[in-house]
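Two complexes come next, and they have one chain in common, subunit A, joined by subunit B in the first and subunit C in the second.
Then we have the complex of A and B:
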């Protein structure tokens, strides 16, 4: 009797196990294009870095049933492909899930930073403050962004109040730079070169060019004067034209050299600020996925 | 016992259904590949690979993914999948075939040292298995894409003295201008290098400027105006003289590029032999 019961139990166990396996395989693989399979495949593509195809899979799933988590991955895929406009558009569609909605707002702010639209970035941070509450780190990003465009900065004490310790010293330097950038004056450079050929170039940190311009203009002027004094009018005019060419070219060149110098200074400053922000992920936590 | 047998039967049926589903997926991907819809073909092959837990389709799917990526000029992705194909081959001919595909992509994307290194490895590791003519052929193509037509000609000549690609390589090499000659001729006679490369107006201008400043320099020295002579000679004549031979060198390089590009265009459209 006991042996029969044991036998029957064993049969039943094997039966249910096989039915289970049977169902598992047939449900999973009889249609590779059902939602769960598409989601699994999309996740695989996302983890592989094949974002374009992952987006296709996720969008296909979303066409039949909405899922904020998949929508977040679509937006992240666009961000990772460097298509920040599209990522912002996709992040905006996340509404129902409170947690993902908060993350999506933060990611949109990061995308606006990448685009370089600092006005909208600050607007978004303000909206975030109102809807999600104060955030110390976002206020830092807000204030750093003021350094990157032509916005007016608040009073130094107010501005620095968002920062502490070592960072406060650094941002204080940036603040001073922004208030009084070490730009040079193109008009001043042109006047300097008009008075002493080459001096404007030296002022624009192009010492070699300055000395060359001084020597060339000086020598051709000397030759022109010498020729006119010796009644060699034709060659006098030739050398005078060359001297005039160098002289006027040097005045114009000095002004543009200072403009280039200023552009370089601004470019380096912006790069320095961006590098600092990028090293800290723009003070916004990076969403992590299982495959990251 | 009966129940057990029934379930074993059912289990086998389910395995069969899965296999059939994957086979259908393979056919679907193949059909997309066949109509040259490479983007979707890659997606469907990748789907197949994802669900093919037994790796039954690993070789075929990766091979076609690699080919599709190659058509789309996604060479790094193509190499990645050809490498998977190579690593999953058990027979020597399959490995050689995959390795040659990688070589051809390296030729196409002009990572020539990598292509040559792979060909050398193939030659030393599979001596006797792979034909030397195959190695020479792709080495010749590597040199063509490296714009080294004389070495390409040598490689094709090893296959056949009258090999069509040898004839083309020789023709291109003959048409090309000697950069050294262009530069040296302009050093001796200003403008000569420009004339040699067919840039006559530039040659005349170069000659004219050098004659003018040369005359004024020499005249200044003859009439004992040494300072003036040094200034004109050192600043103006030297500038135009240097510009003249640098210009000749640049013209020769540019003209050679035009000749090479014309040859590449010809090979792409008119040559019907195997290409990278």
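Then we have the complex of A and C:
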């Protein structure tokens, strides 16, 4: 009897000990994953540049309590990862904190610039002007963005009124470029190649292709003429067909070569403007974090 | 009681244990590396247009024996098929004639083309359709996917 009681007591002791240890550990785990720890860990990951995991930590904190600062960091993380669509979406969620709301609006404008959606960028700047007041620096970004898409530019004097000093001279050059870009004419290139095979390609700065086209067309034309003169009609037509193939292809190719040349000119101009803007952080102050 | 426990253990073991009906043997592993960005030469199984058959015939009879020597991506034969399918036969042929001339460049002056991940020069059909809007201009420093 006594032995049975002892055995039962031992079993109960083991059972309660196990339950006790389990509760103890689970409580510690709860403490470990509390909001402040997750925020601290998220901040650490954010500072280390591990943005994807930082977002996970911040989002898990936000699921229980809203915090505009953390939301701003989530949006910034997406921006720094180059996911500008998501960063815009996350920046739009910040409403309560007036200071962060203003920063979020500016960062959204920066994200639209990175995406290359300059129409919405200008709309957002206009909204900012209405809600936050006029900003001279944003006016500059607004006017620079007009150079980057197919928008109509205002009168030169009106356009330049936003700038002064050395920047005014620079933007004046850009304005002139945009009004009259140094493009070449595809039709002119095609006509040149029709007159002298390869000349249109040389006009499009593709000298090697131009000389090759001239030699190929010339060679097969010569062979065709020679065969016809010697009454070898079949081979004459064969060479004539090959000559026509290169001749017509070169006329067509000269026009497309000029189009590609123009695309390159436009690309380089846009890059120059963007480089200038990026050097100045798009005229929008960059938010500073403790770890920056 | 002991017998019941013994039966439970044996039964559990039998149900969870891994079956061994398939004879173990050497696994068939393919160690060949895929060349990224270079398309399959033959696609007649999915498309059977005369042009595709012509291109497959060229690939089988000439290209495979001669080697993949075209410096461009897509290759000249693929460029022709793509150009015709995206435009029409006449325009596609003109695009191909131009590409063939550029491929035959005696001076090998190809410095204005960006590089494709396959290591070839990237020269897509979009840039030769006579539409400004379809042209995608890449910096020559860019490695195109």
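In the analysis below, the second predicted complex is superposed on the first by the 262 of 292 C-alpha atoms of A that agree within 3 Å, B and C clash if a C-alpha of one lies under 4 Å from a C-alpha of the other, contacts with A are read in each partner's own complex, and residues count from 1 in each chain.
The rule we apply is simple: a residue touches a chain if its C-beta (ideal position, glycine included) is under 8 Å from a C-beta of that chain, and two chains touch if they have at least 3 such contacts.
Quick caveat, the model's predicted, so the values are computed rather than measured.
Touch criterion met: A:223 reaches subunit B, while subunit C stays clear of it. Residue contacts after overlaying the shared chain place A:50 against subunit B, while subunit C stays out of touching range. Shared-chain residue A:87: touches no atom of subunit B or subunit C. In the overlay built on the shared chain, the residue A:37 is in contact with subunit B alone; subunit C does not reach it.
Residues 216 of subunit A contact both subunit B in one complex and subunit C in the other.
Residues of subunit C touching subunit A in their complex: 91, 93-102, 104-109, 112, 127-130, 132, 135, 137, 139.
The touching residues of subunit B, counted against subunit A in their complex, run 3-4, 7-8, 10-11, 14-15, 17-18, 21-22, 25, 42-43, 46-47, 50-51, 228, 231, 235.
Here subunit A touches subunit B in the complex through residues 11, 14-15, 18-19, 21-22, 25-26, 29-32, 37, 40-41, 44-45, 50, 53, 56, 216, 219-220, 223, 226, going by the rule given at the top.
Interface residues of subunit A, counted against subunit C in their complex, comprise 186, 206-209, 211-213, 215-216, 245-246, 248-250, 252-253, 255-256, 259-260, 262-264, 266-267, 271.
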